[in-house]
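Below are structures written as structure tokens.
Each of the two complexes below includes subunit A, the first together with subunit B, the second together with subunit C.
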Partner chain A sequence: MSRFILRRFFYMLITFWMIVTVTFVLMHNLPGDPFANSEKLSTQQRALLSKQYGLDRPILVQYEEYLLHIGQGDLGVSFAYPTRKVTDIIKESFPASAELGAESIIFSVLVGLILGITAALKHNKSWDYTAMFIAIVGVSIPSFVLGPILQYWVGVKWGILPAALWDGPANRILPALTLSFMTIAITARMMRTSMLDVLNADYIKTARSKGLSQFAIILRHTLRNAILPIVTVLGPITVNVITGTLVVEQIFAIPGLGKYFVQAVYSNDYTLIMGLTIFYSLLLIVVMFLTDIAYGFIDPRIRLAKGRN
Partner chain B sequence: MKNILEVKDLKVSFHTYAGEVQAVRGVSFELRKGEVLAIVGESGCGKSVTSQTIMRLIPSPPSIIKAGSIIFDETIDLVQLSLKEMESIRGSEIGMIFQDPMTSLNPTMTIGKQITEGLVKHQGLTQEKAQKQAIELLLLVGISRPETRIKQYPHEFSGGMRQRVMIAISLACRPKLLIADEPTTALDVTIQAQIIDLLKDLQDKIGSSIIIITHNLGVVADIAQRVAVMYAGKIVEQGTVDDIFYSAQHPYTWGLLHSILRLDDEEKSELVPIEGMPPDLLDPPLGCAFAARCPHALNICLKEDPQTQIIQDEHSMACWLMDKRVKVKIC
Partner chain C sequence: MPEITDDLFAPAPKQDQQQKITRPSITYWQDAWRRLKKNKFAMAGFYFLIAITLMAIIGPYLQKSGYELQHLAARNEMPNGAYWFGTDEFGRDLWVRLWWGTRISLFIGIMAALMDLCIGVLYGGVSAYYGGKIDDIMQRFIEVVYSIPYLLITVLLIVMMGAGIWTIIFAYGITGWISMARLVRGQVLSLKEQEYVLAATSLGASSWRIITKHLIPNALSFIIIQITFTIPQAIFTEAFLSFLGLGVKVPLASLGMLLSDGVGSMRVYPWRLLFPALVFSLMMVSFNLLGDGLRDALDPKFRK
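Now for the complex of A and B:
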């Protein structure tokens, strides 16, 4: 297992290096230059700025320095807010985003699993249809529609929960719910299909031929195998949720990283965009790495086959 | 000698969108203590449905047991048992081995756990004691280094080895009856022989009665004492191995015997399959189910189903050719 983890870790580093390099190349091949209103700059001013940002040196030297900085966790200074480092912006606003994302993922995966399992066990009965109805509704309503609906009815009309901002635990509920619908729907449908597949597998017949109770069969033989496909999509689900936070943070006025990302795009704040891109990529790569390892823990075929060669 | 199993007039159907599939249409046979019965017949004739109905493994819906009884150990009618009562019989009194060892073991559970589960459930052993028994069982089925093997997962075993593990699982609680549904069909020829030898050996040691389903008449001759020939959901002929191999009376049995590879005949060592297809069990024919393919079919065969009649001792079959009334007319 440790060899398997080491291998995955090595792949993770390589992936990250590739993303960082591609980002660097893109940044240096963008048309125009990164300075705002650059038509108005004189040649001298331009040279001065270039020197200040180190853009006048050979590209390989710049690349080396760029890697070195990233290695030290330095993502540079924002163009739009020259007094603030990108890493400081991340440190300040990421916690809110992370909390929202994590709450949503935990909640929605749990609910999705329960719905999917119920649907499969009550196959073709009213519970099955109800769960799958929720699932279909969940995939078809985008968060920018669902968010305002919840805000209006639950937050404003009925006044049960705060409609926006990020002050206390109650503020978490509506945005997390908005963010969760899609994941609940995806997880529920996948889990249902997967459970039905496993329940039809030959080894379940073997388990029944041993005289195990239905409960023991579900608990010991079905769930673990059925959950494997869900673990593989945890990565993409996280991607979904992270992109989701960009929208949901805007709707609910949450002081998260998503707000900065959107602003950075509007204001052509290259260093901030690049820094955040690298940060989000790193986040995703780490999530993929963790899901890979989780998969290895659950499925011995993966763990042993990959660990051996 | 006592009968470990008496199946009487068993009828099993599946309800599908197309209608009622009559998979088993009145099957009766007996199995004595310590005896090996082989069930042979083409694919789709109801062998698996029959054997899994004995274990009550076929989910209902879509299946229903329409009629008949399955008397186990002279006292219990398995058809009448609740599923809860059935759980205490499965694995402890009756064990089962399936066709494909590549899919019949749980890929994410160690071999040891899969063997001990039944022991813990039926004999109330502690995990530790069950583990010891599992190691002995693995040795018994011819797997070396059982202490290491027990911690491994199915994918670390070859097909033949997995089938040995399946045999260990099915025999863990020393059941009185073992049902093996095509236990060698998915294996290489050389391995097939090893598995059959193992089953014979274990039968000597444990003394279980065995029902073995197979396409391979060589296997039948090797292991079984009695044979039941199934066609389209019915047993058309049954008897001792000698009855079936040397004095078969049913045209379908003749066809089956012809269809096996004649190794003694080098020039014409070809498989001669029976022409045509078995009937659709959604709408089985009125008369003899084999009539459409039978070279000896009579008029009556299309109109009325032949009754099973005893030819001699244990040898019985269902065909109009053997009916006295018909014989008189032919002669």
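Now for the complex of A and C:
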């Protein structure tokens, strides 16, 4: 097991290094330079600025320094807000995003599991069709359409819930709901397939033939085995929620990291974009790593298979 | 002792009639098609997709206007006889823009599917077929690329290279084909151990023949299923990028761009959101229904 973990950890480092390198290469192959937009600068001023940001040194030296800085958790200073470090921006605005993401994941995984289980138990009946229809609708409407519609009808027209901002618990409901549809869909589908697989397994037949009640079979034999593969979709779910927050925070004016990312894209704030990309990637890589390890613990077949090749 | 006569040795009457197969045998694909036809939802999705594709091809020509043409005298029109789906704030015909946008979105989806076929199938196939060291190296590479968040890299590329259809497609070419490669590898790994591949090898068939005649046809059903999920995913990504203002360049339209324009003006001009949203959602639902139906029809695991 420890060999398996070490191995995964090593891949995680390589992946992270690759992402960092890709962002570095992209940053240095920009058409023009970061100061190209300020036309009033003279050549001298430009040279001075380049020197101040260390852009006049050989590229390998810059790369080395970049790696060193990232190793120390320093992502540089934002171009658009020169007084602010990227890490400070992350520290300040990540909690709101994380909270929104966590609330959405908890809610949607629960709903998704219930939908998936219902669909599998009522396979090919109207319950199954209803649940799967909800799942398909969930992947068919983009959050940036659903969000404003919810915001307008529930928040503005009916006035039931706050339409924007991030003040109290009621403010969480609409954004979290908007963010949840995709995850509900992914979870429900995965759970349905996995339940159907397990329901056809021989040990369920055995359980039935030894006279266990339907309830006991479902609770003790089916669910426990069927829920395992859900761990594998946690990676894709996190990807979804992270990219979802980019949009949802923009719509509901939530002071989170996603909003910063979008603003950084609009204002061509390269260091902020790079820094946030690296931060998000790290987050994802760690989630992937943890799910892999978790799955290795839960299902011994995985780690044995991986250890062998 | 009975006398042995010649007529005892007359040949028995032929019993061909009993063994004759009365129905023509059907191929795997005919069988799959039959099963797919029984699935009402999947067929509905299939016909909707054909209809949407047809409209994307001929739709723009049913109106005289071009997608970028501005009728300044007819801005913000409601749907009417002259402009079937109304006009936007620049007086551009939304009917024409909608079907042009559908065309662009479908094009992005189809290019993503092609990438899946060219890079993903080839990568997965080669990795699994040759196995050993090659497979090891190729798998390590995939494991690394797999954790790279596709959308973030796409945003990064667009910020660097400028927005546009080809940037989106290029970004897909970097990381989007991974799931296809993994799927094909898994399939080929199990297929190449089959007896008929051993038989083909022992008869002296070349690698090329085995790959094209035995492995690819047998993995094809899984590839097709995967593609029906790749296309909507790529279209969805484009829509998402359009919302961030990173999609195709104006005045060109895509469904994502029309959607985000529509969201902006939905309180005053709700039809600007309604029509693109209808086409987009219908397309997504159809792809998903068809994909689910195909999986049920093609994958032996799901047979009843």
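We take it that the second predicted complex is superposed on the first by the 278 of 309 C-alpha atoms of A that agree within 3 Å, B and C clash if a C-alpha of one lies under 4 Å from a C-alpha of the other, contacts with A are read in each partner's own complex, and residues count from 1 in each chain.
The rule we apply is simple: contacts are C-beta pairs under 8 Å (C-beta built on N, C-alpha and C of every residue); 3 or more make two chains touch, one makes a residue touch a chain.
A quick note: this is a predicted structure, and the numbers were derived from the prediction, not measured.
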Which superposed partner A:145 touches (first subunit B, second subunit C, both, neither): second
Contacts of A:153 with subunit B and subunit C, given as first, second, both or neither: neither
Subunit B versus subunit C as contact partner of A:9, first or second or both or neither: neither
Partner chain(s) touched by A:297 [first = subunit B, second = subunit C, both, neither]: neither
Chain touching more of subunit A, residue-wise (subunit B, subunit C): C
Partner chain in contact with A:205 - subunit B first, subunit C second, else both or neither: first
Which superposed partner A:213 touches (first subunit B, second subunit C, both, neither): first
Shared contact residues on subunit A - subunit B and subunit C: none
Subunit C residues touching subunit A - in the complex, by the definition given at the top: 41, 136, 140, 143-153, 155-157, 159-160, 232, 236, 239-240, 243-246, 256, 259-260, 262-263, 266-267, 273, 277, 280-281, 284-285, 288-289, 292
Of all residues in subunit B, those that touch subunit A in their complex: 55, 57, 86-92, 95-96, 98, 100, 103-109, 114, 117-118, 121-122, 153, 155-156, 166, 169-170
Subunit A - residues contacting subunit B, complex: 201-203, 205-213, 216, 220-221, 224-225, 228, 298-301, 304-305
Complex interface listing, subunit A residues touching subunit C: 11-12, 14-15, 18-19, 22-23, 26-27, 29-30, 129, 132, 136-137, 139-142, 144-145, 148-149, 152, 239, 242-243, 246-247, 262, 265-266, 268, 270, 273-274, 277, 280-281, 284-285, 288, 309
